[in-house]
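Next, two complexes with subunit A in common: one pairs it with subunit B, the other with subunit C.
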Partner chain A sequence: MTTDNSGDVRLCGISKTYGSFTAVHPLDLTVPQGSFFALLGASGCGKTTTLRMIAGLEEPTTGTVLLGDQEVTHLPPYKRPVNTVFQSYALFPHLDVFENVAFGLRRRGIKSVRKQVEEMLELVQLGEQARKKPHQLSGGQQQRVAVARALINHPKVLLLDEPLGALDLKLRRQMQLELKRIQTEVGITFVHVTHDQEEAMTMADTVAVMNAGRVEQLGSPTDLYENPRTTFVANFLGTSNLIEAEIDSAAGGDIVLKAGGGKLVLPRARCSAPATTGGKVLVGVRPEKISLTHADEAGGIPEGRNRITGRIVDSSFIGVSTQYVVDSPVCPRFEVYAQNIDRDPRLVPGAEVVLHWNPAHTFGLDAAQDIDAGVGTAEEEGA
Partner chain B sequence: MTTLTEAPPPLAPAAPGRRPPRRRGRLVPYWLLLPGILWLLLFFALPMVYQASTSVQTGSLEQGYKVTWHFAAYGDALSAYWPQFLRSVVYAAVATLLCLLLGYPLAYLIAFRAGRWRNLVMIMVIAPFFTTFLIRTLAWKTILADDGPVVHTLTSLHVLDLTDWLGWTAGDRVLATPLAVVCGLTYNFLPFMILPLYTSLERIDGRLHEAAGDLYAKPFTTFRKVTFPLSMPGVVSGTLLTFIPAAGDYVNAELLGSTDTRMVGNVIQAQFLRVLDYPTAAALSFILMAAILLMVTFYIRKSGTEDLV
Partner chain C sequence: MAFVNWLKRNLVVLAGLLTLGYLLLPNVVVTVFSFNAPKGRFNYEWQRFSTNAWKDPCGVSGMCGSLSLSLQIAVWATIGATTLGTMIAFALVRYRFRARGAVNALIFLPMAMPEVVMAASLLTLFLNMGARLGFWTILIAHIMFCLSFVVTAVKARVMSMDPRLEQAAQDLYAGPAQTFLRVTLPIAAPGIAAGALLAFALSFDDFIITNFNAGSTVTFPMFVWGSAQRGTPVQINVIGTAMFVVAVLLVLASMAVGNRRTKQKAQALVGS
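Let's turn to the complex of A and B:
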């Protein structure tokens, strides 16, 4: 499999415009053979259009689509070695489960389909349901029929368009693991479109975050989460606390910044903005990296940590952790997630606190961006 | 209509321990059904009973008719007029087939391809209804006139030679031939075919076409394996809505046909209004009804769409 690249998807400068609206700006993307690739973004960001261009359901305005070494830009869908799991499945209502799954095989003139279909139905654990019509199945079962119907054709690439969007939360988690298992088992390239950042992060090897028809950032889930390079990615994937700061000195491996009278340290390697003394950057830190100490015990905080003072304005207990909102001079709504190991009873709204964290967990972004980009989009979508 | 026929609450006694629903509330569906039921009783059931009794009467206009259970009227009517019966079925079947062949592409076009022209095309389909059936059929008389452009064109293309040979036309005439009657039937009932076809085609989820294409079906295969099967409810109701009235029609045969193209509707009309032989007319009506009912039942069974109609 290491030398086989027939399952590569390569998009070279593809774009799509509808009249004066640009759904996808010229885009270059390579999805390597056998990987689980997610296109993540809010609705209308161009992720589905990109997927449909790979499937052949949409013709790109510019650019080319390659599968392995074969150019397929202008091939109709029925001539492409890809299959799609559609949003809300698009199962054929007049055919039973067996015939739905056999559809692709029959169209390619394969006569004896029984064994293959039965095996595939076993793989998705639907052997018992073969003679039922789609409307007699539950949402999760329909979803598995849709996957089986696509996978049975052994496509070079499987495209999944929000396949779990119609399922409830618990089933969605279960199907995520299921899909991941199937992908590992069959080893073909999966391209998965979703607006659910958690889904993208749990399932995919590589995630491309899309916004307004462009790829904002591409990388492994951990890389995207730990080292976001734009405010959109920082806010869309999880939560980030962003602080406007001025560069005080940029000598050696660390950048020293001034923010609200205090000093913060940022590793140079984690700053995606140009670091010139006197320039501005946005400093970010994830809520779970921060420790919270009551102001009376600030003396006990080890040296060398970034600190910010503030006052708790809100706290909510959610079992494994407590989420605090802290009002500080540098950021009015600083979010902190604290593990419930030793709860300090003084940490209630109104308490004066010191926030501190390891400078290595700080990241720096270009200050020329909208600090709130991507805030709320994920929540609205997920509702 | 659906609100009237939707299941009334079950009449079974309420589950033990639960208070039985209030009486008045339970009767509401039946009150709502009442006007419809009265209407049907008065204007459908009653005349049917009256006709049924007429069909087994004997007598004459002068001495009056009496119910004598003269069932032989059915046999006599059938043996006297079987050619007209057969003709009715054949003409109606051919017209229905033509309606399907003409109507399906049009309905498909309106449902999937018309885009912003959809409403305009729909209006064009319905527009003929703005003039009466009679005027429209008379217009066909002009269109198919012996010295009209249609006959001229068909003659010069030698199409009429072929249809003459097939027995559809006679002596380089179109008017007063089976062809004219079938054309009239097709034209008059076409909208009844197109509308149900359009309704069921329009309901088909466009993503099913994409899914079929994605699963290696070429466009025509997609049509054969997905679109057409899913439009079966429309095909069945369209053919029924065309075939049933066409089989009983007499206007087209009257205006566009000749004595050789008389359909059973013409016979019934003549027996009722000209010969004034009411028992024979009533017996013919019942035979027609029974025949259509039989054929429709068989057809619905065959097409396997009982749950779809």
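Let's turn to the complex of A and C:
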């Protein structure tokens, strides 16, 4: 599209320690010009510190920050061509909306700001509110003032620190689309910090999942969801069923595993753990990839699918799908989401069932990790 | 029964009015007696209405000189104490340094110390240093005891300020000086103003510390005290009433400005 790289953000080995606490371990990250990049993680994972190091509000303990080809590691925030949308917005309470938005222009000595400010307020649909003070606006309006105040400066990079955290769910969904629209319109690099995995997946082109000061995995939302490489990512993004299994044979493109009494097939390409016969791996499968069949009709299941037996312990109907919890010898609480297309009335708690899925939907993880890493952290944070 | 019911319904209003009367009665006396034409030297008994004192407020020798001195000291003490106090308040809230806790506690010591003891000790200090008592010793003493009050008022405001506002200003190309002038100062202004008003009032009124450390200089409170032993000129009441009126007018003016702003906002809301 363009060879302009002035909006690239490159972090080379940056880290941040406070006394003996390491907030961010040495980190290398490149955010290409014009992309929508999300840093996703639970609170205290170092995502905000990373963002603040790009903004210049925090000085890295080691490493360098580059914007395009310019090194900005030691530049103060007011000399960097980046702007931030702060958590809870940090709008200036003593200035009206117009002056809040004009603040950056005025500080750079631009005299005639009127036209630009009015255009920017139109972009965020706040033209009518120009003379109100921030406290007279609703949360969503304040959020848009914060975005306008940052964007009017045409930064190379826009940094967003949990920009939607203070909004209620419905408004948050609406603002996600709005922000995505603005990003497409202005074409600026956006770096977005959030703890909300759905928000990150909806908006970002690339997501970096952070945990305990490190990037666990980086990729497109689909890639992260379909091919998690750590248990943290598997559990933090959506839900995963993880089974500990032993490698039976690892010949050709498929790995055959023993779990309980049965065998499971895992494509070698989807296994991030070393595949040596006799070794252990964690086998994962997403709940919506699994089909449920009553034990009486197990014969009708096509050959070549991974299968596991179990008994339904719980089911909840939520409209578009039904969520089942299945107790199986290999995994105590197997979650299955079934679309409500042809519901089998026999699938009720207590029923003996066979779970089966296409082996291509199986992923393999290193068994040396905590199988529950990342479970529940997203929910806690959201509360 | 009817009276009891009436009392039940209006007890709060009644208590409020009585308290207000309790507060304002002395002011009424000051004002009324500024229009008195006393027999003899003491203005303690009502004789007849007269505006003589109002026509010649400086008619008592030495009084207007002491008033002007008191106002000068109050202005300088306010400027000094507010500047220093604001800086101390910011340092205590925004920065972590060694002995911060100790400073925080020591700042309140002058407020807790009995004023008369403080006054006598200050005199000892000034005499031992060989300072000449007068305007400067009074000013130094006033800035000292006003400081604690200013720090308290400003600190409360600064503590409630979100440090992210200053970060946002820096993020929007404001250097340290611009950030302070455009964001920090305007937001802290109500606290600083409260501290300054307090300092002015405390300094203007102060008698005990001033009396010990003034030498032969006479401030307005000292003049009133001195003259009360020989007779009280009506002009004292005139000055008192005038200050009261100025204060009330200032309050009314600030309320009017506030009201106009709210109305403008309301109109803006209706217009949108």
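The rule we apply is simple: the second predicted complex is superposed on the first by the 382 of 383 C-alpha atoms of A that agree within 3 Å, B and C clash if a C-alpha of one lies under 4 Å from a C-alpha of the other, contacts with A are read in each partner's own complex, and residues count from 1 in each chain.
What we mean here is this: a residue touches a chain if its C-beta (ideal position, glycine included) is under 8 Å from a C-beta of that chain, and two chains touch if they have at least 3 such contacts.
All values reported here derive from a predicted model rather than from experimental measurement.
> Once subunit A from each complex is brought into register, does subunit C clash with subunit B or fit beside it?
clash
> Figure out whether A:K289 sits in contact with subunit B (first) or subunit C (second), or with both, or with neither.
neither
> If you stack the two complexes on chain A, which partner ends up touching A:K280: first (subunit B), second (subunit C), both, or neither?
Neither: A:K280 stays clear of subunit B and subunit C.
> With the two structures laid over each other on chain A, which partner does A:Q129 touch: subunit B (first), subunit C (second), both, or neither?
Touch partner of A:Q129: subunit C, not subunit B.
> Of subunit B and subunit C, which one touches more residues of subunit A?
The partner with more contacted residues on subunit A is C.
> Who does A:R307 touch here: subunit B (first), subunit C (second), both, or neither?
A:R307 contacts neither subunit B nor subunit C.
> Classify the contacts of A:F92 with the two partner chains as first (subunit B alone), second (subunit C alone), both, or neither.
A:F92 sits against subunit B and subunit C alike.
> Which parts of subunit A are in contact with subunit B and also with subunit C?
Dual-contact residues (subunit A): 55-57, 76-78, 82-84, 86, 88, 90-94, 103-104, 107-108, 149-150, 153.
> Within their complex, state which residues of subunit B touch subunit A.
Touch residues, subunit B against subunit A: 205, 207-208, 210-218, 221, 225-226, 229-230.
> Which subunit C residues qualify as touching subunit A in the complex?
My answer: residues 162, 164-165, 167-175, 178-179, 182-183, 186-187, 265, 268-269, 272.
> Looking at the complex, which residues from subunit A come into contact with subunit B?
Residues in contact with subunit B: 55-57, 76-78, 82-84, 86, 88, 90-94, 103-104, 107-108, 149-150, 153.
> Help me check something: in the complex, which residues belonging to subunit A touch subunit C?
Against subunit C, subunit A makes touches at 55-57, 76-79, 82-84, 86-88, 90-94, 103-104, 107-108, 128-129, 131-133, 136, 149-150, 153.
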